[in-house]
Structures are given as structure tokens and as C-alpha cells.
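Once you've had a glance at the structure underneath, I'll fire off some questions.
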Amino acid sequence: ADLACLITKNNTNPFFVKMKEGAEAAAAAAGLDFQAYAGEKDGDAAPQITAIENCIAAGAKGILITASNDSVVPALKEARAAGILVIALDTAISDPEAQDMTFATDNFEAGLRIGKWAAGKLGAEGVASAKIAMLDINKDNISVDVARDTGFLVGFGIEVPDLTVMGSETDARVIGHESSDANNEGGLRAMETLLAKDPDINVVYTINEPAAEGAYQALKAAGKEGVLVVSVDGGCPGVKSVKEGIIGATSQQYPLLMASKGIEAIVTYAKDGTKPAASEGLTFFNTGVNLVTDQPVDGVESIDSAKGTELCWG
Amino acid sequence: MTVKPILEARGLMKRYGTVVAMNGADFDLMPGEICAVIGDNGAGKSTLIKALSGAVTPDHGEILLDGQPVHFRSPDDARAMGIETVYQNLAMSPALSIADNMFLGREWRKPGIMGSVFRQMDRPRMEAFARQKLSELGLMTIQDISQAVETLSGGQRQGVAVARAAAFGSKVVILDEPTAALGVKESRRVLELIRDVRARGIPIILISHNMPHVFEVADRIHIHRLGRRLCVIRPQDYSMSDAVAFMTGAKLPEGVTEAA
Amino acid sequence: MSTVDEPTKTISDFEATLNKADTAVATFEKDDKTLTHVLRAQLRKNPTLIPALVLLVSIIAFSIVAPRFFGMGALSTVLKQTTVTGFIALAQTLVILTAGIDLSVGAILVISSLIMGNLAVISGLPVFLAVLIGFGFGGLMGFVNGVLVAKIKLPPFIVTLGTLSIFNALKLWYSQSESIRNADIEANASGLLWFGQGFNFSGASLSYGGITLILLAAALWYVLNHTAWGRHVHAIGDDPDAAMLSGINVDRTLISVYTVAGLICGFAAWIAIGRVGSVSPIAFDTVNLGSITAVVIGGTSLFGGRGSIIGSVLGAFIVGVFNTGLSLAGVDDYWQMFAAGCLVIVAVALDQWLRRASQ
Amino acid sequence: MSTVDEPTKTISDFEATLNKADTAVATFEKDDKTLTHVLRAQLRKNPTLIPALVLLVSIIAFSIVAPRFFGMGALSTVLKQTTVTGFIALAQTLVILTAGIDLSVGAILVISSLIMGNLAVISGLPVFLAVLIGFGFGGLMGFVNGVLVAKIKLPPFIVTLGTLSIFNALKLWYSQSESIRNADIEANASGLLWFGQGFNFSGASLSYGGITLILLAAALWYVLNHTAWGRHVHAIGDDPDAAMLSGINVDRTLISVYTVAGLICGFAAWIAIGRVGSVSPIAFDTVNLGSITAVVIGGTSLFGGRGSIIGSVLGAFIVGVFNTGLSLAGVDDYWQMFAAGCLVIVAVALDQWLRRASQ
Amino acid sequence: MTVKPILEARGLMKRYGTVVAMNGADFDLMPGEICAVIGDNGAGKSTLIKALSGAVTPDHGEILLDGQPVHFRSPDDARAMGIETVYQNLAMSPALSIADNMFLGREWRKPGIMGSVFRQMDRPRMEAFARQKLSELGLMTIQDISQAVETLSGGQRQGVAVARAAAFGSKVVILDEPTAALGVKESRRVLELIRDVRARGIPIILISHNMPHVFEVADRIHIHRLGRRLCVIRPQDYSMSDAVAFMTGAKLPEGVTEAA
């Protein structure tokens, strides 16, 4: 049978694990052979290049990849030259020659929406006196990390001079950026440190829901109520947290959809060589973002947690 | 010989790579005797006693204790049967104190609940004992019994090792060159100690290159040459010159035709 | 020795005077009573004072540099943050005392917490049973390390590098990268969270986990210094051959050390659940290096045989004070990393220097 | 010795016979000519055969299990993939031979590549100058490690744990976490990419980087085995006190070893740019552990003094074959991690066992 | 004394923690002589010669070579000045071969471009030299010169160390208990070797606990006691009993009042 490859950034983030599950199931259903690869660390391209080379060596028909960064471009070009369909998932690759299509969510957009929601929730006065904690992945300026972080700030109405790095803003409302390693323990630690810096924090941006979970623990331990916690991902546990009021709002993404669409495209390509087309008006196929919240705000489109549960990681 | 040996070895073989360290070595230790083992450097003396004390597993051959075959897998096994050894390279833990080293592996515990439940060591009693044993050896230039062994001079360390073996050996005591690093006074004390141990009825294997010492204390002398027993002599029957001649191959003992 | 053919049975002539030998012993200079000498003597007897001093100085320094740092609030935050690392550092100290190293402690911690969480929250087992099983697996993983180190005689670095990879694979496979949420734990197995609680007094809060850490450290200190097992652990780290020749059962002791380390990690898993409030397979990724750092800053030698368990706890605390202190002083992230690196080197250098000077 | 009061000036009586002493030497059994004996003798003389055998067997095994693996294509892919790890493993071998360990190799590599990239692409320096400066900084960082290890006498693990953190901080600060894109390098400084090229023959492609790796390994093998410096490196790893007492300048040798290791990392940076095609501050994060794994699988002892540089290259290759082979055999990610862990343990256990058996 | 000492030490002090290993030790070595140092275990003999050979830095006191003050920061410094030492704990690299060990730190290079540019060692020449030196010592039970030192017996190792010092010492040779682990035959050879070295005009410091050996070869005997020089005697003037009595404190030499 034809072979499909999936290359994710790592195999620890539940987001990518879901993506892999979805792709595997879709491939099995379509009768494709399937190999999954994962990088070691977000931002480190070498293992992904290795994976691409292995896929070429294995004679794959198509490669689905969430690229760690643009270093994979030459290898992907080589793959395309070998007649392999290359589809970027989740994160677009800057060089259009390196991919046939991107199936992605816009992470900046995801950040933007929670930022707008938080601003709407606080009202004009609240926005002016807000104290914001930023819980990022780490200091490495990983593209997703930057897009979500700056998206949130822009959505909240804070001026960000440089959209390619984190922490370029000078606004005093931002108390600080801390590394959460995108997990609950890191989120807890980061939140505690930020609370020690300023106990009056009332808005918390988190890179993903496990970090939000950790931040909430710290807030609870400090006896702080009514702090707005916003996040991105929209995984099923995250949506549950929205429902319970632990997280105010989260931007929901659809890894399974990306994966199954990708596999579909490979099947079509293998059959007759047709390549997938972009969404209307965009250079990529948008798998979409939804804001999930049970406290809708005027002017910010959102779905409630019931609907979110239905869609979560679909 | 009507007396049965307490410890025997039969046909021990040990190869290290291409080097044959023991080549069919036999050995007998009679009850209550001091048996000296002499031989050239590299003759295989240390390898022999390492096999007897469990530190080395021979490739072939068997070891009998009280006539029963034994298989030591570690020095621990041999020690459990009452064989106490001072190795040539002194098995000491440098960072531990003198008392801790003497009692390593057989620590005394406090009486009562502290010892049985909380397994607390009885440091004062152990230190008093160690101090006493070292004084008997005349090694009281060591003032502080809780001093780490690494701070002792070469001779002081050897004294501690000998004191340990003498104090705890219950069946056989093996000493591999115990006086090599010792001073005149300290060597003398060790020889006296060896006699004391024999007086307690415990047989001793003594490896030494010091002929006067060997001839002074040994009941029988086992001459080792080229990885095997050449002969066993009694100091009354031969002179030191003879022993040295046999050991270095300058002369052959009667009734022996050199095989190697 | 006078005639060649007669065996000598007398003491060599020149030794005849020995009975008159002096019995005086080498002089030991008494420490005089000046301050430096008293200090030296103290340091020599209690090398653990060194990390304690470093800790004190750094707390004072940060309180001056970062006023927010001052007061019980920040300190109790540091204590909370370092509890888990402190536990792992205890396990690591045991292993390092035998001249080993355990790179898999973090993975053991996480697997144990996943097992506890899954059994208690999802399978609905009673909390104490789930915790016991989690312990059990922690001990089992340590046991595996111990057997590989002792029986196959592989260097501990290799063994635990291998099992780190193996345990990480198992943890991802077992959890499928899914975490267990705080709300679910609270609803179904709140006993798992017990160690996260504690009492407050005048702004400071002390968690049960922190208290347990102190108690466990004290217990281990006792075991290492006042039982035969503790002496054997030191002896093995010092010189394994010598320990073997002295009749210590080296294999059994090594296996027991790694197993106890695994059990401590299993216990730390319970503490970690209480601390974080939830269970995630990707948390505590840095606890391996963190624990090693704490141990060496605490003055334990990586070459084995010498060290102190209390020092390790202090070491963990020093690292915590630095991290929080630098953050609160508003030091840029990069320079925090930079300072952390310098801390390790300077702390160990200082420790060595003070030890030498105290002699 | 016969009279007490007259000093003896003659040979003791019992030594009189010595001139007749036998001059025969201990027997050495000749190896017989059966296959196992010839094999043993070979293994004893060339322990590097062990990783070579492991490599051969695993290539054959994977070719059977995963038909896609067979053929030169996959193998030359593996060679390309392991080139950088191979270089770092060479540097690591030098350090490990002195009973040290260098956890900062990966950070040195990345900083050097950032410097080369920035100078050549952004500041527009000629490529050779940029590369030279990059080298220089690699050597400098190694030198810093060496000085800390040799002069302040800190354990290498601690030193490089600290400098790892320091270098990582510097790399993020210097690069501001920004990468240099492939397109920019191609446009402005294509010489940086030279080592990524190579020639193809019959389906296999061999990059210049791969060839350089083999050449450097051969050169280091020569230096370690046929020059005084190489002997000193071994002696220091074996027993530093003995080396010092033998009159070796231990400090200078240690510093030179760490500096050379840094230079090799600097060189590897150039290779790495060719391999990846771009420069990123967060790349090559796993190369530290990867290089250590390669070194130990190659049969070098972590305790220093014994090992082989060729073995390290083979070790890197073995790891590469396993990774690629398992993926091509369609083994799931988790189980690949699992297998990698087992590989380390089994390979080192096998190595030790074969060494013992070959005696 | 009209001859000036070649190597002198004045008032050396060394403390380890609370232990005073040297307490104002003096020392003189005359040109072309064999000077023996004797003393109890722990008297500080090894510490003294370690100070003389650069392995230990004394806290106080000065060392003069040919009348010039010298400050050795490492054994390397001392070696560069022709002082060659055999330490009591034998400084050997176990994994290296016998030849490599003998030439450690002073390897011979191949002639021509291979040596000057590629810095290749001249293994064959080094091995031949090592083999010859060991044969002279009668230590040819060592068959394979490229054997690792760790595979040698205790005595064989000591032989290698002595051969190394004797072969390379150009100004002073220091031997700390060189025959402690050696057999009768090998000890004899070492004593002959010591005489040979003196015949080459090189003075020797010999530490030994073996009184007959000391009295046989020494020109002067330095008696060390409690960390300092008690007295220096000439073997012609005193008996062994006297020396032992002085060394152990049983008797005081004339003109000396014990200070400690």
C-alpha cells in the first residue's frame, strides 16, 4: 500500500498526540501504510530533517508535517522533487516552494480572540487598570509561542512593536512573561513567581490549557478569585475547565481535522495526482478557530462549552 | 600425616588473558599452624590466597574447608565461614574512620530497642574495641580513632588491616605481606600478634618476602614457584639459603623434578 | 641468623632494644581559641554548615536587592516550589553517595504519579491503595536500575540513561499524553491532594509536603550515619573493590540503594500531585538536573563516599532562592540562566575552597 | 648480622645462592589456532571490532525486518544524519578519555554556528573569516571549561553543567532567539553550506561532511595512539594523581583536551550549517546525550583511560541505524524510544561481556 | 663538612588538619652518597621526600638544590631538574603498558619528519630500552613489554617503578621503600642497582624499614622521628641496635635532647 508520513514537533504535547491518532485512524480507514515521526524539542529541526529523509528513503507518497522551523525547507523541496505530496499542518512554512498546501489554524488569530474577549470582559476601565501575567512556553521564541502571545496582547489592545519576538512591549500593564514549559507544574511555578512580583494580577494569559490549570492552582492557593484566565487549544479537558469556570475562555483548534484532511489529500493525490486547494481568499486551507466561553462578550464571536465539548479535538 | 588439613586446595588454575597465574596449585593448611607461603614476585602467591578467600574464582580445581568442598562466590562467603584476610593492596575505605573500617560488614548494634528496631550502631563500644586492638599492636601513634583512614601513613594503614583480621578471624587468618610497609617495631608486634592468634588455636597463612621473619614464626613453609606448589619444607629441616635457592630455582628440592 | 645451616628461632639481634621503645605518640596541635580557629574546627566537623551559610547569605543579599523578596511570603513560596526537587534530591543523594547517578528519577516520579492518578481517579481505587501501588512501581523501577547496575556491572550513568528513555516511553504510552485535571482529582480522590495543604501563620504557609521533606531528610541522615547500611553505602561509594574485599555484600547494598531511591521518587509523586494539584505526563522534566544540581551544591561529591543529605535539601533551597530572587529583582531571563550556571560553579568551588581552608 | 655491635657490610647469608637463581620466566600459554581462540585474540587486540560487529549485525537485521532499509540509499541517509553527532562524539571521546564529561558540547556547537552565520550573512564578512572566528569562539569556550576543570579542580560534570547554562544564556542573548534562514545563507554566504554537498554514486550519496568525519577520526586516532600527548590523555584518565606524580603536566594537558574538544565543536558547527541549511539557536538540543551515548556504545569507559575514537564514530552510526531502521520497520514512536533505551544498555553490556570473554 | 650538600631542606613544616606531619624537618644530601632515611611508621618520611620531589608543598621552610633555593610547584618541576622519585604508592597508570609508563612525560620521538612534524613516538626504541632496564633488574618474568601495568603483581610493579627512576634520574634519585613488595632475589638486584646508580655519581635517598639493607648500602643514615630529623649517623659508627633504639625512642643519641 502507499505510505503516508506524519511528522510532528514532538510526541509529548497532547495536541500532537491527538493529531497522530487522527491521522493513524484516517490512514487505516483509507488503507494506507502509516509512519509517525516526532521531533525532540520544539524549534529543533535536525530530527525532523532526519524524519523527512527517512520518509523519502521509505518511498512515501505524502508527508504531513508540523514544521519546527524553516530549516526543513531544503529537505521538503527534495521530497517534493521525489514526487511526494507535502502538506504543512498547523504551522505554515514561509517558502511556498516547500509545500503543496497548508492545513492550519492561525495561531495569531487564536491569541487575538482571547485577547479581545478578555478586553471585552473587563470593560474600558478594567482594561486601563489591568495587570497581566503572560505564561509562555519558554524563552526560545518558538513560532507558536510568539504568535499566540503577541496575538493576545494585540487583541487586548496593547501595543506590540515587534510581532516576531515576545516581550517587546513596554506597557506597564504587562507584569511579566514567565516560562511554563506548557505544562501544569511549570504553569504553577510561573504563576507563583509572577504573583510574588505583583499580587494584584487579574488577567492571566496561558500558552495552553495544562499551563492554565497550573496557574489556576497558584491563584487558588493565593486565595485570589475572579482572575480572568485565558488559554489556547480547546482540548476536551480544557473545554471542561471552561465549563467549570477555571478558564474564562479558550481558542479551540482542530488537530484531528487537520490530520484527516491531510490524509484525504494524500489519498486523492495517490489516486490521480490532484493536489488540494486553498480556502477561499487565503493562501492556506483554514481548519478554523473557535472561541469557547460560557461568558460571551459582545463583538467577539464565540461558542459555548457544550458546543465546544462536541467539537473538542475533532 | 594423620591430622586432616583444615583448608586445602587441589589443582587450582587461573588464567588472566594469556598469563597463567596459577597452574595446578595445591595447598594445605593444618589446624593450629602458621603456614608461610614464599615465592618470587609474580609466582602467583596472591592469586592463590585470593582464591582461598573468595576474592578470585579459580578456573579449575577445588577448595575444601574441613574436608568439605566449598565454593566462595565472594569474600563475604569466605568471611561468613570464619576466613579473615588481609590483602596485599589493603581493602580499606579511605573516607571512613578507622573504627568504621575495622567493623565494616559486621557492625555492632546498640543493645535494646535502639539496636533492634532502629538498628543504631554502637559507636562508643566499637571505637573502644578498635582502640584496644590497635594499642595491642603498638600502633597508638594513631591518636584519633575516628580519623579517616586516608589520612594514615602506609604503615599505619597496614597496621589497621592486620588488627582487623586478627581480631575477627575465627577459623583461618590469611595475611598477604602484612609487614611489607611496617617499621621495625611494628613488624615485631605483628609477629607477636601472629603467634598470639596461633595460641588461640587459629591457623594462619602468612605470605612474606622476609626470610628471617618467615623462619622465625612458620611451622611449615610452602614454596610457590611458577604458579604452583614446588614443595613444603619445615624450617627445622632446611636453612634459609636452601629455601631461597628452591624459591628462585637455583636448586631443586629432593624428589622434585621441575615441570615448568 | 648467625649460622647458615641452623634455622633461626630468635628475635633478630638489632631488634633487642625494642622493648624499651618510646610509646609517645605524634603531636596533634590543639586548635587555639581564636575565632578563625573555632570556625575552622566547626566547618571541619560539620561541612553542612557551608551550604547553610551560602543559603543565609543569598537570602540576605536578595532581600537587599529585591525588597519584595524580603518577608516570609516569598520564602514560603520558595519552600513550596522546592519541595519536590528536595525529595528527588534526597533520592539522588543516596545514589550519588555510592558513586552513581540516577538520570531516571524524574521519569520514575512522573510514572508513579500517573499510576496513582489513574488508579484513584479513573479506576476508582481507594486513595491509599492507589498510592501504595504507585509507591510499589516507583520501588520497582528503582530496583530495575539497581539490578542493572549491581548485577550486570554497568556504569550507573549508562543504565539510567537507558532506563530514562525506557521509562519515558512507558509514561507516554501509558498516559497517551493525557493529564488528569485538578477538578477530577478533587471530586474523586481528594486524598491524593493532602500534601498540598498545610497551615498558615503570619503570612507564611507551610505545607505538609514541606514538613515531610524535613522529616524524611532527618530520617535518612540518621540511617546514613548511624546504621551499618549507611556505612556500607559510604564504603561502596568510596572504593567498591575495597568494600567487596571487606566482606560487604556490594550487590545487595547497591540494589537496595536504587530501590530506596525509587521508593522516595514514588513518595515524591504523591507530594507532587498535592503540589501541582493535577497529574501530567510532561511535567517535572527538569527535576533530574535540578536534583543533581541541588546535591552538588549541597556539598556531596560526585565521586561518591562523601556528602550530606541535609546539604542536598539546602542545595535545593539555594537554587530556589536564586530563581525566585533573580525574578523578583527583575533580572532579565537570559541573565537568570546565566546566573544559575554561575551559581553551580561558584557554589561548588566555594565549597571545595572552604573545605580546604578549614583543614 | 652475626655480631650486634659491628655493622654488617655483606650480603645476608641466605642470599648467597642467588647468583645461581633460575632465570626462567612464567609460562604464557600460546593461543591455539581454533576459531574461537583466533577470534578472542583479535578481540583482545582490537576491542573496536565489537562495535563494528554490532553495527554489521544490526544493519543485516534491519535489512531483513524492514526491506525498505536495505540498499545504499538508507545507509547513506544514516551517514548524513549522524555526521554532526559523530563530530561531537569525537570531541566527547577526548574529554571522556580524561575521565571527564562535557555537557556543554551542544551549546558550543550552536553558539559557533550562530557566530559564523551572523558574521557571514548579516555582517557580510568573508565566509572563511566568519568560519575562523566561529572556530575561535568554539575553542575559547572549550578553554574556559578546561581552565575551570584543571585550575579550580571542579568535577567536569559540574563545570559543564554550569557552562551549559551559561552558554545557553549567551546563545539566546546573542541571537535574540532569531534564526538565519536558508535562503539568506544561500544568497549571501553559500560557502557556509559547502559541507552539505557531496557526490552521488549508484544511489548512495556521500557528503563532504561525512568524509571529513572519517578523516578527523583517523587523525585523532593517530594522535591518541602514537604521540606523547595521546598517552598523557590516557594516563590522566586512568589515574590523575599517578599522572601528576609521573611528571605529566596534568593541568596543561586537561586544558588542551577541553580546548581541542571546543575546536572540534566549532568545526562541527560549520558541518551542522551545511547539514541543516540554516542556523537556529535552539537546534541540536539532544546532541549532548546523543554524543555520550555514541561514545559509550563505542566502548569507551566513562571512568576514563580506556576507549577508542573509531568506536565512537561506529557508536554514532549504530544509534543512527537503529533510529532509521526502527522507523522504516514501522515501529511506533514510543517503542522506538523504548528500543533506544534498551540499545544503550544492551550494547554496553555486550561490550563488557565480550571484553571479559575475550580474556 | 667542607663538601656542600647537593640537596638540602631547612625547617620544613607540613600540617594536615590537626596532624603535624613535618615539624621543622631538616635534611641534607651530599654529592654521590646514598643517604638512608629511617623512622617509625607515620614519622613523616614520605611527607619529607614528597616535599623534596615537589609532590607536596610545605607550609614553611625552604629547599635548596646545589645551594640555590628552589620552589617546586609540581613533581614535573622537580623532574625537570633531574630529581627522579619512586613513591611509596607507585605512581603508575594501570591501563598503560609497561613501556608507556616508563616513558610517561618524556617520550622519545621518531627521528626525521615523523617525529618532528607528526610527533610520532618511537615505540620500538622505547620498548627495547624498557626491556633492557627490566632485564638488568632481573625482572624478566615480565614477558610482554606492552602488557598493561594493571596486570602485574605487586612486586613486578615496584620493579618497573624502580627501573624507571634509576634509568632517568640525572641529579638525585629518591626511593621510598623500593623493596617493600619485592622478593629476595629482586630486592638484591635493587640494592645492586642502587650501588650502580651511585657509581654513576648520582646521589640517592633511600627510605626503608629493612635495617640490614640500610646498613649494607647507606653512606649516612638520617633518623626521622616525630616529624623531624633526630640525628644523622654513619653506619660504621653505630650498630643496628642503636639505630633502632634511636628511631623508636628507646635511647637518645648523644648530644640530642628530645624536644617533642
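Each chain gets a letter, A, B, C, D and E, in the order it is written, and its residues are counted from 1.
The working rule: contacts are C-beta pairs under 8 Å (C-beta built on N, C-alpha and C of every residue); 3 or more make two chains touch, one makes a residue touch a chain.
Since we're looking at a predicted model, the values are computed, not measured.
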Any chain touching subunit B and subunit D at once appears in the list C, E
Per the touch definition, the chains contacting both subunit A and subunit C are D
Max Cα-centre separation from subunit B goes to chain A
Taking each chain's mean CA coordinate, subunit A and subunit B are separated, in whole Å, by 72
Whole-Å distance, C-alpha centre of subunit B to that of subunit C, is 39
Subunit A touches at least 2 other chains through residues 11, 139
Expected list for subunit D, residues touching two or more other chains, is 1, 4, 12-16, 18, 21, 26, 28, 172, 334
By the touch definition above, subunit B meets two or more other chains at residues 16-19, 42, 141-142, 184-185, 211, 239-241, 244, 248
Note: in the complex, subunit D contacts subunit C through residues 1-4, 12-14, 16, 148, 152-155, 157-159, 161-170, 172-173, 289, 292-293, 296, 301-303, 334-338, 340-345, 348-349, 352
Counting only contacts in the complex, subunit E reaches subunit D at residues 55, 74-76, 79, 85, 87, 90-96, 100-101, 104-107, 109, 118-121, 123, 138, 140-144, 184-185, 188, 212, 215-216, 235-236, 238-241
Seen from subunit A, its contact residues with subunit D in the complex are 11, 20, 33-38, 40-47, 49-51, 53-54, 56-59, 69-71, 73-75, 94-95, 139-142, 164-165
The subunit A residues in contact with subunit C across the complex are 11-14, 17, 139, 176-179, 181-186, 188-189, 192-193, 196-197, 210, 213-214, 216-217, 220-221, 237, 240-241, 244, 246
The answer for subunit D against subunit E in the complex is residues 1, 4-12, 14-15, 18, 21, 23, 25-26, 28, 222, 226-229, 231-232, 234-235, 238-239, 241-249, 305-306
